[in-house]
Each structure stands twice: as structure tokens, then as C-alpha cells.
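Let me begin by presenting the structure, written as C-alpha cells, before commenting on it.
Labels run A, B and C following the written order; every chain starts at residue 1.
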Amino acid sequence: MLTYVYVIAITTEAMSGALAAGRRNMDLFGVALIAFLTALGGGTVRDILLGNYPVSWTQHPSYIYLTISAGLITMLIARFMKHLHQLFLVLDAMGLVAFTIIGCNVALQLGYPTVVVVMAGITTGIFGGILRDIMCNRTPQVLRHELYASVSLIVALLYLGLDERGVNHDINMLASFSVGLLLRLVAIRWQCSLPVFSYAPERWSD
Amino acid sequence: MLTYVYVIAITTEAMSGALAAGRRNMDLFGVALIAFLTALGGGTVRDILLGNYPVSWTQHPSYIYLTISAGLITMLIARFMKHLHQLFLVLDAMGLVAFTIIGCNVALQLGYPTVVVVMAGITTGIFGGILRDIMCNRTPQVLRHELYASVSLIVALLYLGLDERGVNHDINMLASFSVGLLLRLVAIRWQCSLPVFSYAPERWSD
Amino acid sequence: MLTYVYVIAITTEAMSGALAAGRRNMDLFGVALIAFLTALGGGTVRDILLGNYPVSWTQHPSYIYLTISAGLITMLIARFMKHLHQLFLVLDAMGLVAFTIIGCNVALQLGYPTVVVVMAGITTGIFGGILRDIMCNRTPQVLRHELYASVSLIVALLYLGLDERGVNHDINMLASFSVGLLLRLVAIRWQCSLPVFSYAPERWSD
């Protein structure tokens, strides 16, 4: 099941990357690159941090073609995306949660300490979006809007907690996935967000 | 021959990095760092992605000195750069093509799938410029102007296509290099560019 | 001793990251992430560049907790930070110098050429601040203000020079540390800075 969700997830992330590139008037190539980076960048950063070579997408050419195609098709259907906004947010939420669980699994198998496993999950979940925003020269959205990165954190903690208590792996994945998805959708619906830290000292630069 | 072209290429890229740093009023150290990153950053990103350790410039101190010197000298001769604009564009085009072929060769030797070889070539070709623009806080130019990244793509495809057909290696490099250089110069001369994707939804943020 | 200084250093860097995140109105999670990246990002970039796996903080969970806590506590005490500005600058200077020496040691043990050792030291010293600024969408401060990156360079050169002359390791560290700290404080006090390169051609884009 996670594979299906993963394919949906990278497609959705690729589309979100393409739209961000469109806001910066990038050309066809830029759209393809940002789509790819948004979809597979989180996993890439995780693999590089953990020394998990070869980086996973280099062994799955089909994911490369899929994300680039999704990015280019988005150019054609962008005018209709507005009407799909709700669906888009649900798919993106599924992606966030699936990425997180996959990231935790990779770090677990490599034997990293628990806190690093959690960070690997979060990195996989949110770094694609962060790379997208850096490439498009804007402050990362995932660190400013409704609960997003924190959903990734909670999913990672839940997944590891159940895993340690010996819960069956499939049940654990289903439970963590459902709770995470629900949490994200609730956060979107009622605009829950973390406290914001606003710091604007006058005439003082650190 | 590729070595000569490579030395010219990293020198040119270092100069382009120094000019970008100058636009952001960076100090001497910033100029040196951006020059280095622009010239050798593409190959660094490629090596890290492919797990190709040690990263190539760490084994060639002379390239480090060369790029930093080129950056610093650019500060002194910046006022004359305007008159060298045409030459500069030709050298930069040579660099783009040479970097691409070198990047393909590295990935080929490591046995990566074809599509990854192509991406390694493109990464080597364009990521120095992307890192330069990220460090200088601007949207990557290579994804917005005349055919640039796409020239890198075409060179990589041509080079691999000829390689698979068993064409002699030297002839292949010469052919790919010439076609790529010509294509880039034509694109500059007649301002060919890829279709641009402009997306500006009103009051909707994804 | 270096361990104590290191702990102070990553705490200070984490706080500087949290303040930068606050200027961009990031949420609690964003503050924690930027704090972590500012404190441990320089060492991470160094380890990835040198292929020094596992990346050092993945083996020291306590550093992860420390930097995240420091970031979050900064949110609470931000209003008082103004009064601690002087202290903050001194701690930050200690961090810069300690990071540099640590970075050199890592590269030395891996047997890299001298110039790469110097670059590893500088990378450890300044890249946390560069990542912080990239994430917060601003031009890296360390490349524009008073002597900062150059202090890192001088410390690295001094440390390696004394090391090659067979100076006792502890004495060498103490000497390099003191000279670097002094230099940085002098630079702050009298606003010493490197020459700046300002380049603003009219109607010409490279």
C-alpha cells in the first residue's frame, strides 16, 4: 500500500513544485527541475545525511520520469488547478505522512539512534518543499503555515512508539498514516497553527 | 583537450560568480567563496549525489587556487568586463558543454542507469550557477533565460546516444562538444528560449 | 576544553538561528529547525563534503536536544537579548574559532591535502550561518560584515602552521584559539572589514 501512496505523493509534490516554478516565470526546464526536486529532494537530503548510498531515486528511473512528467503536465492543466484545490491539499497531506514513515524506515534499517530516525522521517517529509522554496527564492512555507512539519514530527513519534511496543508493522503503518492524515486535515480545516515567533528589534542586527 | 577546456571553464565560471557577488556588495572573502562555488559547485553536487568520494576538487588543490584567484582578479578587472561580454559568453558556453560531458563520464564509470547519467551531466553543467544564485539570493537565472540547461540536456543525450552506438570516444566528445557549443551560441544570438510557464493565481496559495 | 567551548558555541549559534527565524515570523517548528541548522549545519556540510560518515551529530543525540532547546528558549527570552548583545558577540566569536579548529582536525585525520583542511575548517566555522541565511531568504551576512570568515581562515592557517612546526597540540589549540578570538573582537570593536566589491553594471546582465 505504501508504494501506491508514495507514487501519489511524489506526483502531488511534483505538481506543487511546478506551480511554484510558474509563479517565478521559469521555463519548461525549470519547471521540470523544480518538480523533480520538490518530489524527490526530501528523500535525497535524507539519503545524503545518513550516507545511504546509492541515493534511492538513482535506482528507480521510473520515479524520475514520473515526477518530470507530472511537472510538465501541470503546466497544461494549471488553469484548472484552482478547482482541484481541496483534492490537492488531501493528496499533499497523504504525501507528507507517507514520506515521513518511509524516511523513518530507512533510518531504522541503518541502525541510527531514535532521535535521528525521527529527524530522517521529518527530513523526508518536508525537505522537498523547503528545497522548492529555496530554489524559488522565498521563505520556506512549511515553517510558517498551519501545522505541517509538526504533523510529520507527530507521525514519526507515533510510528516509533508503536514500533517499540511491538505492534504489528502493517497495523502500525496504517494507524500512523491515518492519525497523521486526520491531524493534517483537521489543521487545514480549522487553520490550527503553532505559535509564531516574531522578532523585530529596532536598529539591532545580530 | 577536455582538460584545457575544463580549466578555461572553471576560470570563466569563477569570474561569473565574482561578478554576481559584486552585485551583492560582498567582501573579498565572499567574492572568493562564490567564485569557488560557482566553478566547482556543480561537480561537488554531482559527486555527493552519486556518492563519488573523495569529491573531485579535494584531490586537485590547483583547481581551488585557480578559481579563487580568478575570482579575486575579476574584482580588479571588473570595469573592463563589459567590453569582453561577447568573449565571456562564448567561454561560458564552452564551460557548460565541457562540464556536461565530464559529468556524464563520471556517472558512466560508476555504472548508474542512463537517465541518472544524463542528470549527472546536467547537474555538473548547471548547478554551479544555481548555487551562485542561491547564495546571492536571487532566482536561478539558468532556469529562466535563453536555452541553457536544455543545451546541457541535449549534449548529454547526444553524447550517450553516440556512445551507445559505439562511436569512437574522441570523435564522440568532439562532436557532442561542437554541437552543444553551436546550439548555445545560436540560442544567444537569436535569443531562442523555451516556453515559459507563468502562473499567477489570484488569492490562492498552494 | 574544546568540548566545553563547543557546547557553548552550538548553543550560541542555535540562539542566533532562532532570532533570525523570528525575523521571518516562523512558527515554533521553524525556530527549532533553523536553530539546529545554524548550530550543526556547518559540521554537517563539512562531513558530507569530506565523506566523513556517519555525520557527527547523528552519533551525539544530546547535541540535537541541546540546540533545539536553546532555540526554543530563545523565543522566551528574546526581549532581553538586546541587553546581552555584547556577551552574545563574544560567545559567537568563541564559536567561530572553536568550529574552525574542530573542522581542521576532522579533515587532518582523514588525510586530506592542506588546502582542503583549511577549507574544512572554514566550512565548519561559517556554513551554519550561511545555511541560516539561505533558509531565511537573505544574502549571507558572514560574507558582508566585519572580519568573520577571514578570522576563520587565519585561525585555520595559524593552526596548521604551528601543527606542521611540531608545536605541542594543546598549546597550538590554545594559541590559535586566543589569537582568533582576539582578532574577531578587535574587528568588532573597531569595525574592521575586508574591502567590498561593488559591481553594478547598467543594463548588462551576465
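Convention: a residue touches a chain if its C-beta (ideal position, glycine included) is under 8 Å from a C-beta of that chain, and two chains touch if they have at least 3 such contacts.
Just so you know, these numbers come straight off a predicted model, no measurement behind them.
*Asks:* What graph shape do the protein chains here make by touch: line, ring, star, complete or other?
*Replies:* Here the contact pattern is complete, since every chain touches every other one.
*Asks:* Is the contact between copies chain A and chain B built from the same residues on both sides or from different ones, judged by whether over half of the numbers are shared?
*Replies:* different
*Asks:* What whole-Å value do you get for the distance between chain A and chain B if each is reduced to the mean of its CA atoms?
*Replies:* Averaging C-alpha atoms per chain gives centres 29 Å apart.
*Asks:* Can you pull out the residues of chain B that are in contact with at least two other chains?
*Replies:* As it turns out, chain B has residues touching two or more other chains at 48, 134, 137.
*Asks:* Quick one: in the complex, what on chain A touches chain B?
*Replies:* Chain A reaches chain B through residues 16, 18-31, 33-34, 44, 48, 53-55, 58-59, 61, 64-65, 75, 78, 81-82, 85, 88, 134-137, 141.
*Asks:* Can you name the residues of chain B that touch chain A in the complex?
*Replies:* 48-51, 112-116, 119, 130, 134, 137-140, 143-144, 149-150, 153, 193-201, 204-206
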